[in-house]
Structure formats: structure tokens, C-alpha cells
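Have a look at this one.
Residue numbering begins at 1 within each chain, and the chains themselves are lettered A, B, C, D, E and F in the order written.
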Amino acid sequence: MRLQVPGYELLSQANTLSYSFSGTGVNVAAGLANFGYTGYLISALPDNAVGDAALSYLKKLGISQSFIKRSGKHVGMYFLENGFGSRSSRVTYTNRLESSFNRAPEGIYDFENIAEKVNVVHFCGISLAMNDSVRSHMKSFAKAVKEHGGTVVFDCNYRPSLWGDGGYENAKPHYEDMLYLADIVMMNEQDAMHILKMETEEASRREQLMKLIPKVAKKYGLSVVAGTHRSINKDNKHSLCGFIYKNHTFTFSDTITFSVYDRIGAGDAYTSGILYGELESFSAEKTVAFAVTAGVLAHTIVGDTPMSSQYDIQKAMTESVGDVER
Amino acid sequence: MRLQVPGYELLSQANTLSYSFSGTGVNVAAGLANFGYTGYLISALPDNAVGDAALSYLKKLGISQSFIKRSGKHVGMYFLENGFGSRSSRVTYTNRLESSFNRAPEGIYDFENIAEKVNVVHFCGISLAMNDSVRSHMKSFAKAVKEHGGTVVFDCNYRPSLWGDGGYENAKPHYEDMLYLADIVMMNEQDAMHILKMETEEASRREQLMKLIPKVAKKYGLSVVAGTHRSINKDNKHSLCGFIYKNHTFTFSDTITFSVYDRIGAGDAYTSGILYGELESFSAEKTVAFAVTAGVLAHTIVGDTPMSSQYDIQKAMTESVGDVER
Amino acid sequence: MRLQVPGYELLSQANTLSYSFSGTGVNVAAGLANFGYTGYLISALPDNAVGDAALSYLKKLGISQSFIKRSGKHVGMYFLENGFGSRSSRVTYTNRLESSFNRAPEGIYDFENIAEKVNVVHFCGISLAMNDSVRSHMKSFAKAVKEHGGTVVFDCNYRPSLWGDGGYENAKPHYEDMLYLADIVMMNEQDAMHILKMETEEASRREQLMKLIPKVAKKYGLSVVAGTHRSINKDNKHSLCGFIYKNHTFTFSDTITFSVYDRIGAGDAYTSGILYGELESFSAEKTVAFAVTAGVLAHTIVGDTPMSSQYDIQKAMTESVGDVER
Amino acid sequence: MRLQVPGYELLSQANTLSYSFSGTGVNVAAGLANFGYTGYLISALPDNAVGDAALSYLKKLGISQSFIKRSGKHVGMYFLENGFGSRSSRVTYTNRLESSFNRAPEGIYDFENIAEKVNVVHFCGISLAMNDSVRSHMKSFAKAVKEHGGTVVFDCNYRPSLWGDGGYENAKPHYEDMLYLADIVMMNEQDAMHILKMETEEASRREQLMKLIPKVAKKYGLSVVAGTHRSINKDNKHSLCGFIYKNHTFTFSDTITFSVYDRIGAGDAYTSGILYGELESFSAEKTVAFAVTAGVLAHTIVGDTPMSSQYDIQKAMTESVGDVER
Amino acid sequence: MRLQVPGYELLSQANTLSYSFSGTGVNVAAGLANFGYTGYLISALPDNAVGDAALSYLKKLGISQSFIKRSGKHVGMYFLENGFGSRSSRVTYTNRLESSFNRAPEGIYDFENIAEKVNVVHFCGISLAMNDSVRSHMKSFAKAVKEHGGTVVFDCNYRPSLWGDGGYENAKPHYEDMLYLADIVMMNEQDAMHILKMETEEASRREQLMKLIPKVAKKYGLSVVAGTHRSINKDNKHSLCGFIYKNHTFTFSDTITFSVYDRIGAGDAYTSGILYGELESFSAEKTVAFAVTAGVLAHTIVGDTPMSSQYDIQKAMTESVGDVER
Amino acid sequence: MRLQVPGYELLSQANTLSYSFSGTGVNVAAGLANFGYTGYLISALPDNAVGDAALSYLKKLGISQSFIKRSGKHVGMYFLENGFGSRSSRVTYTNRLESSFNRAPEGIYDFENIAEKVNVVHFCGISLAMNDSVRSHMKSFAKAVKEHGGTVVFDCNYRPSLWGDGGYENAKPHYEDMLYLADIVMMNEQDAMHILKMETEEASRREQLMKLIPKVAKKYGLSVVAGTHRSINKDNKHSLCGFIYKNHTFTFSDTITFSVYDRIGAGDAYTSGILYGELESFSAEKTVAFAVTAGVLAHTIVGDTPMSSQYDIQKAMTESVGDVER
């Protein structure tokens, strides 16, 4: 549950918040639902007014509730204060330890049944940071998907604040377990160096990437690795370049520079674009171009969750920004 | 009736709209009312709560209601979603076919009486696209104005979505009828080439303009032709250059580059500036400078309708942007 | 699309509107979705930003989009100004003639296929007032449902403003066609007297009802007839008494008196309660008690569409209003 | 300028205000404009953004700006906090001493010219409390109106907080000056007893009224005296009974009891109803019924200023409150 | 932190929340600060944006921050949906287990020092339900206050949802510990019967109260016991009767019936009124009258926290509700 | 009291305002309160709802109310309309003549007592423009502070609109009185040239500054003089360079260029930064760097009053703007 201070006020100044429900899984599933696929969420929500509101919001995003359980008493929440110019945006997390998702009991999800029904399952490094019970859920489910011939997607999404001190060391074995189970992985060279402790003598990010990602793909048996390089310019614009590594070949998108309205969740729009390209058997060039455009559009839209259809994205890929259309 | 999603949300995300009432005629009349003239609107509004709200809004803009009829049941409406950066603004029209204006019966307006009382009448190409009944109203009224010695202004304002396929061919005879009746015309070289099917071998817009507009003026017997060239820069700023053609001479304004807050209706502010210059017998230089500044200011103000007085505009013409005044 | 002035302002005073999407069909389907059934809507929406917003809203209500077509360019809209005390609420309709639903071409809906997949279909007298094409759609679909063994529900919902002068006469044959096809009908004695031209010498509403409804049920072969009697008290509170006629027997609910926050759509909550009772094979006593409570709760909730689950309603049936729970 | 805390928050709790422009004169003129008359305001507004906003608001109310001068630097303002149940509404005035109206210089208004053009002029006891300059303006203008055959209306509207200690004594000579000049006077027995120091031995308000008003009418030569008796019930509803004294005869309206949404300015709606009845030569019965209904409706509408047309009022006079109309 | 859905929407319908910071301790301290005393809060807040906002809000309420520690990472939160008529208000708590207050480490508060500086300390049964660490803090502090000659106030405030199954049995020893340390206790006969397991054969609440409270006072050595009886009427109004037991004598206030705008925290306003009466040595009659009026006013004001000064309350005690004052 | 039109609307367009309470003194005191000092305000506020709201707001800013008197009836107010791009922000003042501060009677403040308790007192040139009574208060208080060994800060803050025609001549003797009493002065070369009539033949602002400020410091015996040079770039960004002159040496900060969200009060953030540096005995380099960063951050935050703690500022001094932190 995202609780956002409207406009550019601080939490200490305002007295209203707008709320929405999101998370990497929600965003990726909603992104694919926008493209015409059926998205599911495997999660647990409390059976109270907050859970009702979350469910109602997920329905609005077009996510099927078939696999959502009502259990526990809380949802994870965070506060967002928008930055302006030289003042950064600020996220303050509330307690997630007791969330329905984190406290979901063993056996609550029928993984065998779900694995039979779905083709592609997306796992996220943020969930992996939660606790042993969640990690156990994730690994069991990934195995079940594998066994039923499904595709396992793993998004590294390492969040230092969630793993704490000595985080990389604690995280490594769990990341490796997931990597061995995965087919498609979202990551870049930072993850290889920091989590997987791989080394390279290259100095530039691009060269580090091109050295390390093939090693990762080989070691863990990955068919696709994709990710982005982001840089933030002096005028507060962002630049984004997407890549995909597949069949031993790197393909990079153009680097696009753009104004940012809502940064959060834009990476998940990129992920859903990559998955869409793979599901539709796009060429690698078309996939990265589509994914990076999906990511850029998501920066211009309020909220964590991508709202653009494949037609919106294709239109944005071929057109320059124009005058108002009427 | 303009229904605008607040901030930068999509219609699918928000649940509130702000509304106002506008249209080319409203905007030009309100612009001239801001400059101290009495503005009238010749139109029809339904006799219900929506018509009451429209009337109340027109009153606020300083437009006299003397010639507004209560008839029919609906007003034309459109939805506006604000774009951000690389995402364009989007307009969605609702059904206008049954609007009070479009369904106003023959004889509802007493054109003879109105033509006696007003000096200058502004007609718009958007109305011309509506239906035969509206077109017939327009031409009868323009003739009546001519006969009573008034000035007929015609604003080409061609909207492809309203004329449909084969639109230019359908539109041409009606545009020509209006041009033969007009004294002052708002247009540029695009209108001459696409609607009037005039040809030129020049490549640049400026040269096309300078070739074609004198031919138009001569053919249709126009005393003044005015318009703008707009370009949209990479950083989403717009550049605007105004021109006026009069007494066989072109006068161009400086090209001004500026940030855009609300694009819609800004062209009408330019038109009202040209008309003000003509009514006040400004020099051509002063007229285009005034009009283009009126247009630029209108881009910085919420809503379709210009809100600046002649003093605001003159101040903006002579001053650079400064610190807050106090 | 409902466009509501917030608070108690008039449309002439305010400048913001809140919007939602509703209609009898939406409300009944959403009501049943709240009770755990899968609700579908057979309708058409434009393929633009307004259609996207409507779809997004329907998803939020838990209504499956499987049978919704994207066609045409407009949706029907109405404005709502809240009354206060002695000032009534006011509804202003916009043009519905060109709505996607009303202009949906012959053959757009695959009625055979739909009739195979659904158990119960709800038809509404408001749709019946639209035009011949819609009426033809309705009757074909009702026949297909019958043939596939489904249940046809018909809600009389006569709206004088939609049928115009001589409305009852025009409406009668179409109402009779639907009644002959229907199994469950929502109506009361007013419909019998005004539309079906039945006569009775009783003076009180209750006695008229008890005379006429059995005749209606017999003539058209209906298994269930249900409806309400509403009265409005001096202090602006409403009183509601529900009835159901089934197996030659009338069952009445208690008369409940309550404060009204949002009147519109509350009748549809009653309808969904009746259908739920029938689907769950409740006793007649339990069905009317459940339905009338569903109706009363809907008066306390913003928006046209019922939001209460069967648990909320059962709780409200057994409990008196208490202090805040915590 | 009314600055109102939205909802039921205190000024110490909220951080937004809504604003509008009103005053007895504005309200009465707007009320008559709603009934189809042309309303003018004789006042002064500052030539700055606040004056512009006021002018824009007056335009919206349909008040002609012909006689409004731009002069001085300030407008009078007040804050309004809505009461709830047992907590009363609270008004806090800001400084009015330096308002444009109060500081308008001698000779700024061309009273001779105005008196020629208008038929009825309304004066208010609140203005009379301001300062000697305003009082001198008022008396000169009333004399000019008389001389040109116009009708002078005087509304006693005594406000204790504006006259201070010993207020009745200070006010009396000025009230008498206005009464001698007036034709129609709005007042009740309280004004006669407190300001004019008339005495009666009656105990009930109705009997005091019936004793004193004929004496007032005789002494000052008034053709019409009208007013209301208001009482506030235990359940926070108000009861209102209007009267008119004319041709030596009292006519009373029914006593109406109703819920109150916005109390302020409702008395001015009553006044505009009385004036409308007089201007249209209604019978005394119809005039008080119309006026008291106008007053009741004004209590149900946000803002100081009446918004109802004569059709709205006549509809409310003949109908009971019903269900939503559609 | 209270997160409230504006107006009467459900959490599933709205998308904005207003927030404030409250709690029994905050409310009682703020209530006394309104009466001119210096209020302190002994608590812990996280050192992040949420803690900053809380601190800023406490400052606004006039509560000194001297004894507030920055520690831990979270604050307790709850969601509030306003009921309407027959639909009750609903509170949904978020996880409090990890709140800064509940996780405050041993020794964080310097109780000796605080006990020296303050005269009266208020403890609340809600805190007592938290965990052993909080209970240990409470008892140590109460002892320190006693030793330094201060007054210990204990407010029973039993919340079933916080103590869970078998709650009364678990709670009893802790309640008794606090009662033995207390001087002034807020409770009624329900607490005596349910928590303290006292028995009586009386049937009416008033008689139960008058039997049991003297026993409680005697057993635990209390100088003052005070509380209220609340009942909720059919028309959703509440009735409140306050009592105080002191010097072996009961004093009851009048029973006041009133409309409720915001129920939450109104009991704390009553408590602050009792404490004010004791601190100012009011007669028992004046104390209960003052306290119950403070409680009633708090029901008419948005937010948990009382906002009325002693002057507001005294004015409300002596006046009936009147017309708007100006 | 600042009354701000939300977003970018004009006062003529909007109908809501947000309000806050500020002023140079408030801003500087709140800035120092953010840094951990106790800030007081020596002022007078009316004893009504507006005064209560102001007090409540000051409490929120962490300003002690110990020295605030309740007296008079009004507070000074101003309206703020946000500019956009080429349209400047606009401030409209309301009448300040009758404000509680300006009408505070002789002897209301106990300057001897206050001077004993505080270390540093800040005086502002805006107050000096008010009237003779305020000026007399200021000088008496400055003398008392001096006598008790406190530090006198004087901020020149010359506002042409407040001093009127011939303003520099009228202001000069009062400014000189304050300068002779001051220790730390906020000003730049403009003040020296225009108010103090000092002359220099230098052409650049920097050189004029470096010539004149040492003369000022010498003549009036000032230990510290500090201020800024601001310039406004073509793209509406501002550039700010701070300086401090102390021990016969100038120290300049880097010139920082940044986007502006809320200009008003940002100079006061700079002042509070200078005072903090002096109180904490920072080096001159650190003081100007801290102060100019405080000023820049204040431009990115809504409202007149600085909201950043010393930690926020130090973080902003050492870090570049980054991605969202989480």
C-alpha cells in the first residue's frame, strides 16, 4: 500500500495522502494484463477493509484474484514524499514483518495446481529478502513451475535496506538458488559483482556488463538476461538504456533521455516489456525497444503500476512528441 | 464543456474532473471582453442545469448573454488528460451531433437584429464542420453582417477528425463561401495548400507562406490575413512566431520560446490579440507583438480561455520575467 | 458515466465533478459479484480514453469483461446534483442516442455463445426504452437464454422521461414481449396499472398490489415477482418495504425507515438481493429480508453501485446500529 | 470576501479555505438578477488581483458592473467556520476600515446619473454602520433616487458588533434619516423596540409586531414593511414565518420548518422575494409565500448568495419534496 | 496515526486519506493544554519522516516534546471509515507490535527525572494491553510518580480486540496493579464486573454502578472514580451522562442528547474535563457538567483530539445553540 | 497569514485557497527551531479564531508562545498566485494598518524581562516600515537586548511598496538607528547605495559589494554582514551566491543554480543558516555554504517557512541529487 503526499509537500506539512496498491509482482502482472495476457498474483491479503480495498484495486488493474488468499491482518505500507529539483523523493517504510504475505502459513498456496495453470511466473528479489518462510514458498513454487514446464523469471531487485548489514553475504545463497531455477533473469553487472561476487577488471559499466552477464548466463543456465543502465542528469532528467542478452548476443536499445514524473515502479514496466517481447517472439531489437519505451512511459504516469497498452507503447516508439491531438 | 482530469493522471486512474465552458467563439469573445470590448456569443444552450452552469460561466468571462437562446437538450463536451514530458495530452470528444448549438432550429437567431448591433463577428472553421444547418446559419449571418457594414472574421481552424475521410474536398466549397464573405482571416500556408489546393514549389514553411497568402488575399478580397507558425522543441517547450499580412506587406513577430502549462485555446488568445490591434488601429508591428504575447501568456494559464487584460499583455511585452513582485 | 457535483453545490457553483460508471445492469452484476458470483456485462464501450476508464471501473467492481465489445464512440452520461433537505436531488441526462450501447451493430454480440455460458440474465426496462435496435437485441438474447435453459430476469424500471408522450402505449407491447419471456420480474402495482393497463378498485397500494400481481404472474407465466414500496417521510427519511410473490403466496419484509446518503442505484441492490436469495434457495422470508437490507445499506454508500458483501448484509440484518467497533 | 473552512473543521485544524464574494447588496441584486431583472451594484473595488476576482465573481452572479468603481486597496473579508449540531457556526471579521467601499472618496459615484437609470435601490443597515463618509453617500443617493421617482428600499439589518457600545443610541438618528427617505422597509418588532425606542406592553412577538409596525409605517410614511420571525428548534432545524404589512393590513406566510445547510445570506433571499413580488404586483399572500420559499431554498444552497430562479421557487411552493427526478 | 477516508466513502472506493496523530495520552494532554496547562507525552517516535510529521502535529496541539524519545522505526496506525445512518463507522488497525512505543528499550525514559517535574500522570488501559515491556515501563513510572508525591490517573479503557481470547483473565492482575497505584480512575460498572469480576444483583446500569464503584474505590484506595454512561438512540443521536464518585458521594451530570460528527476520542475529552475540574478544585457538580460538555463538544469536531478551550466549554454550558453570531 | 491559490490558477479562476502563517520573524525563528534552538516570537495576535489558528500554526513550527500577546482584532494577510514560466508570481497585500502587531499598545511587551531570557534577537526592515509605534517598540527592545549583553540581528529587507514615494529618504534615519544598535546585519550593496546613500564608481555588483560593505561595517560598528546575490536565468532557474563579511574578510559561497518551487521566505532560510553558523562558531566557509544550501532547499519546499533540519542541509551539502532512496 503506497501512501503518497499529494503535490510536493512534506509529510510534516500536508494532512492528506493518496493511496494505491502496488509492488513488483503487481506491477509486472498489471503490465502484462495491459498487453492482453491474464495476470495472476500469488499473495495473501487480510480479510478486513484494507484487504478489500487492495482487492478492489487489483481488480481495477485487471489482475485475476483466483490465487489470492485472505489470511493474516496487515499489508506492508510505505510513505512517499515527492522530491522537487535538488530535493530527492523520500520513501519511508512501515513495518512489513507482520504482513499477511510474510506471515502466510505453510501450505496456504496450492503450488501444484497453480503451476499447472500458468505459463510464466515472475519472482522478485524483494520477496526473497523477507524471511525464511517466504523464501521457502518461493523455491517450492519455482520448482513446481519448472516441473510443469513453465518459465521462471527472476528479478534480482536487490534492496540494501531490506538485507541489512552483511546483506550481500546473506543474500548470495538464496539468489543462487533462484538463479539455478530461473530461465529469464532481470539484473545488471552490479548484481553480478555485489551479490554473486564476480570480478572483472573493466572500468566502464558497459564493459563490466558485457564481461559478466555471459558468465552468469552460462553458470546458472539462463536463456535470457535483461536489464537497464540508468543515469541521472544535472537537470534532473533521467537517461535509460536497456539491454537483452540471449543466444550469446547482447542487444542494446537507444539511450533515451526524458523528464520524470513518477519514478517508482518504472523498472517493472521495463520487465513487463521484456516478458511481452519474449512471449510474442519479438526480435531482440524490438523487445528492448519496446521494453525501454514501456519504461519511459511509466515515468510519465502517476503511480507505481504501468498503465500503457501495447498500442500506446508502439505509438510512442514510432512518433515524436507532438502537439495536442484533436 | 471541458472535463479535465486534474494533475497528470489518466482518466482510468482518477475519479474527479474539473469543468469549464469554452470553444473558439467563447475564447475570442472573452479575450476581447478582457480588453474592454463587449463580447457576445451567438449560440444555443439547453434549458437545464448544464445550460445554467454554462451561462453562469459565460457571465463570469464577461460575455453578454443577450443573443444566447435556450433550446435543445445537450452541450458538446470533451475530456482532457494532461500529458507529461514524452506523453502527449489527449482529447476525447463526446457526441456533438445532438448539441443545442447543432440542433438549433432555423430562425432561432434574429440575425438582422444582431447584425445591426455588433461591429465585428468572428466565425470559426470548427462550426463549419458541424452540419448543413449550422453552415446555413453561418452564411446567412455573415451576409447580414456584411450588409450592415460590419466586419467578418473567419478563422480557418481545420480539424481533420471532424471532416473525416475526403474531408478537404468536402470542406473546400464551404471554406470558399466563407472566405468570399470575410474581411479578416486567420490561417497559414497549410490551409492554403490542403483546403484550397493551392500549390507552391517552395520548401520552407516561411517561403510557402509568403508565396501563398498574398494569392489567397487577392483571390478572396481579404484586407487582413494573420496566423502563426508553431514548433515544438525537444525539451517540450514551444516556439511561436506570429505574422500579419496587410496592405500587401508581411509583418512577423519575434519567435518566442516558452514553457507550456495549458495549450488548449492559446490560438484563440492570439486571434483576439490580432482583432484588438485592428480595432485599436495599432501598427502591424505592434499588433503581431501584442497578439503573440497574448498567445504566450495564454499557454501559462489554466483553461481554454484567455484571462489577461491588455495591461497584463503590455507589461509582459516590455518586461523580462522577474523575481516575485511585492 | 455519472458525473457528480461534490458536496451540496449546484453545477452552476462548483468547478469539479467526481465520476463513476454505473447503470442498472452494472449495479445488479456488481451486487452479485459482491456475493461471490461471476458477473458479466453484455454491452459496448468506445475504444478511447473514456471506454478505457469505464472498463477499468468495471474491473474494479469485479465484473468480467469477457462479453464487452469495443465499438462506437460515446458513452451515455448524466450529471447529478445532491439535494439537501427541502431541495431535491437533480439528474440531467446528456445525449444517449449515439452511445456505443445504442449504436451497437446487429450481430456484434454472440448471443448463442453467451447464452450457453451464463445461468441467469437480467434485462432492464431502461434499455427497452432506447431504440428498435436495442429492443431487437434484447428479445433475441432473451429467447436464446430461454432455449439454453437459463433464467430470464426482467426489471420493469419504467422511466417516463425516456418514453415521452404517449409512452405507456408505446411501451406496452415491448414490455409484454419481455414479460412472456421472463421467469423473474421486478415490478409493483404501478407498472401493472400504468403499463399493462390492468384495473382494480382497491384504494390502498398494498391491496392494489395483492390484487394485480397474481394476475400478472398468471397471465405471463412468471415464477417470481418482487418489488418494493417506498415512502418519503417529512424529515426526508425514506421507508422501504419489500415483497416477493412466489408459489401463489406474498411475503413482505418489515418496513425499514432510514437516512439516505445516496439514493441512486439502491433499487438495484434490492434486485441483486432477490436474485441472490433465489440462487441460494433461501426461504421467501429470508430473501426479502436480505434484499431490503441490501437496499437500505446501498442508500448509505456513495455511488450507484452496491458495495456490500453478503456478510455485511447478514450482519446488518441481525444487529442494531452500535457504537464504533474497535 | 467570504473565506470559508471546508466541511466542519475549525480554522485551527484545516489548511484550505474556499472563497466567494457577497454582502447584502450583492445578494439582493443577484436574487433579482435570477428573476430576470438587471441588478447593479454601487460600490468600489481595489484595482488588483482581489478586485479582479471579485468582479469576475459578480459577473458570474449576473450583476452588471456599470456602476462599480476601481479605487482603494482592500476588500472587507470574513472567515466562516461551519458549526455542527450543538456547536454554532462562527464568523470572524477582518478589518473593514480601510476597504475600498469605506474609503471611497466623495464624488466617486455619479448618483444623479445612476438615479436616472434605475427604478429601485436597496440600502442596508450594515453599510450605515460603517463611517460618516459612507452614511453621507447613502443619504445623498437615497435623496437623488427619490427626486427621480425611484423606489427606496431600506433593510434595517442591525449588527450589534458593528455599532459597539451605546450602539442603538448612535444608530437611531441615521436609521431615522433612512426611514424618512424609504418606501419599502425590511424590519421587525425588535428593530422598532431597540433602535427606534418604541414601546409596547404586548408579550408575544407576533403581538408586538402587530402593534408596532403600523406605527412605524405611519410615522415614516412607508408603503410596505416586511420581515420574518425565525426560531431555532431543539433538533437544529429552523422555522421561518414571513410577513408583509401593506395598505394597513398584515399578511403572514405559513411557518415552514426545514434543515439548514448554509444560513448566511438567506435573509437577503427573502428580501429579493419581497421586492420581486412588489415589482410584479403579486398579491400580498403570493408575495410572502414566494419570499419565504426563496428564503428557505437559500438555506439549502452553499454560499451567501441566492441561486434559485423564480421557476425553482414556484416549483418548490407547489410541490412536496419527492424522490430524485429522472 | 489515524488515516481517515474523507466523507462517507469506503476504503475500497476512495483514493485519498487524511491523517492526524492521536491516542488517549495525546488527547488527554492536548485537552489539558487547551485549558492552559503544560502537557507532556512520555513516548517514543521513529527518527524518520513519519516521526517528524507526528512531532510536528504534537507541537501543533501544544504538547511539549521534552520527554519524547526518537527510537525504533514505526508508529501504530489505524484506518477509519465514517459510517452513515444505519451503517456503522469502521476501524481497521495496522500492526502495532513493532511500533517505536512498544519496542522502546528498557531505560530509555528517565522516569525519576520526569516524576520530579510533573504533577499528574495519566495511564491508559490500551497501553497496558501492549506487551510485558510496556507494562513494566508503566508500573515503574507509576511508582516513581507516587514516590515524588504526584497524582496517578488510570483510565481503564478495556479493548477486547487487544487482549484477545481469555482477555479479562489475562488483564485482571495488570489492572489491579495499576489500580493499587492510582489516585483517580476512569471506569464504570462494566469494568468492575468484567475485569475485576465483581458481582451485583442489580439490573439497571445506574444501580450496578452505585453498588460497585464504592467497593472498587475502597478496595484499591481511590480518591476519585469517574466515567460515563452512553446510549445510542434510534435516530443515531447519542446520549451521555457523566458521573464522579468522591468523598463517598456520587454526582451525576444531566443526560445530554446530541448529534455526532466524530465519535473517536470524545471519551478522552471527558477525561481531560474531569482532570481539569480536579486540578482547579471545582465542585463535583461543576466538574461533571464541565467534563460532559467537553465530551459533547468533542463529538462535533473532526479528529480524535479535543480542540475546545475552557472558555468554549463554559460558553456551551450556559448557552443554548443559537443562530450564527456576528 | 498567507492565502495561496492552489496550483497555477489565478485568483479570478479558482475558488479555494490554502493558508499558512509566516513572516520574516516566524521564518527565522522556525529555521533556528529546526536546528534545535528554542525560537520565540515577540508579537501580538487577535483573541479570535484567526489568532487561534495562527497560534496553532506557530506551535507546529516549534515556536514558543511565551512572548506572544493576545490583543487587537486582525492579522496582516496577503494573497499569492503562483506564476508559471513567463508569467510571474503575484502578491496582493491586504490592509495591515489595523493588525494586532501594528496596533499593539505601548507597554504590552515586557522587553526587560524578554531581553534577560534570550540570547539573540532578530529585527526586520519590514516591521520598521509599519508605523511610529512599531518603530519605537523595535528600538526600545534592541536597546534592552544590548544592555543585557544579547546579540542584535538586523535584516534590511527593504520593501518599496511599504515605504511609498520618497521611501528611501524616510527610511534612512530609522535604518541608521537600527544599524547603530546591531551586531549582525543582513544586507547587500543595494541597501548601502539606495537607503544609506553611499556611493561607489564600481560597475559590477560584486565589486560594489566589496567596496561598500566594509564601509558600512566600520561606520555602524558591525561584527558580521551577510547577504546574497540572486540572478534569474532565461529558463526560470535561479542562481544564488551567498557572502559573509567578518573580521575584515569576505567569504563567498559557490554559486548554485536550481529550480524554484516556492520562492517566498527562502531568504529567511538563508538568514537562519547564517545565524546558526555564528551560534555554532562555524568557519566562515562552512557558514555561507550551510546558509546558501538552507536557502536553496527552502526554494524546493511549499510555504514561506524553512522545514529542513541541520542534518537535511548537511546531507544536501555533501551529496549530489540521486535516485529515489529505498
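Following the convention adopted for this analysis, a contact is a pair of C-beta atoms (placed from the backbone, for glycine too) under 8 Å apart; a residue touches a chain by one contact, two chains touch by 3 or more.
Protein identities per chain, from UniProt: A, B, C, D, E, F = Carbohydrate kinase, PfkB family protein.
Treat the numbers as computed from the prediction; the structure is a model and nothing was measured.
Q: Starting from the defined contact criterion, work out which chains touch chain B and chain E both, please.
A: Chains touching both chain B and chain E: A, C, D, F.
Q: Can you name the chain that lies farthest from chain D, using the mean of each chain's Cα atoms as its centre?
A: The most distant chain relative to chain D turns out to be A.
Q: Can you work out the whole-Å distance between the CA centroids of chain C and chain F?
A: The computed centroid separation for chain C versus chain F comes out at 63 Å.
Q: Distance from the CA centroid of chain B to that of chain D, rounded to the nearest Å?
A: 42
Q: In whole angstrom, what separates the CA-based centres of chain D and chain F?
A: 44
Q: I'd like the Å distance between the centres of chain B and chain F, where a centre is the mean of that chain's Cα atoms.
A: Whole-Å distance between the two chain centres: 46.
Q: Can you pull out the residues of chain E that are in contact with at least two other chains?
A: Residues 10, 12-13, 15, 56, 90, 93.
Q: Which positions of chain D touch chain C when the two form their complex?
A: Residues of chain D touching chain C: 258-261, 296-297, 299-303, 307, 316, 321-326.
Q: Contact residues on chain B for chain D in the complex?
A: Those residues of chain B that touch chain D are 56-57, 59-62.
Q: If you look only at chain B, which of its residues touch chain A in the complex?
A: Listed in rising order, the residues of chain B that touch chain A are 7-10, 12-13, 78, 83-91, 93, 159, 161, 230, 232, 236, 263-264.
Q: For chain E, which residues count as touching chain A in their complex?
A: Residues in contact with chain A: 3, 6, 10-13, 15-20, 48-50, 52-53, 55-56, 73-74, 77, 79, 81, 90, 92-95, 97-99.
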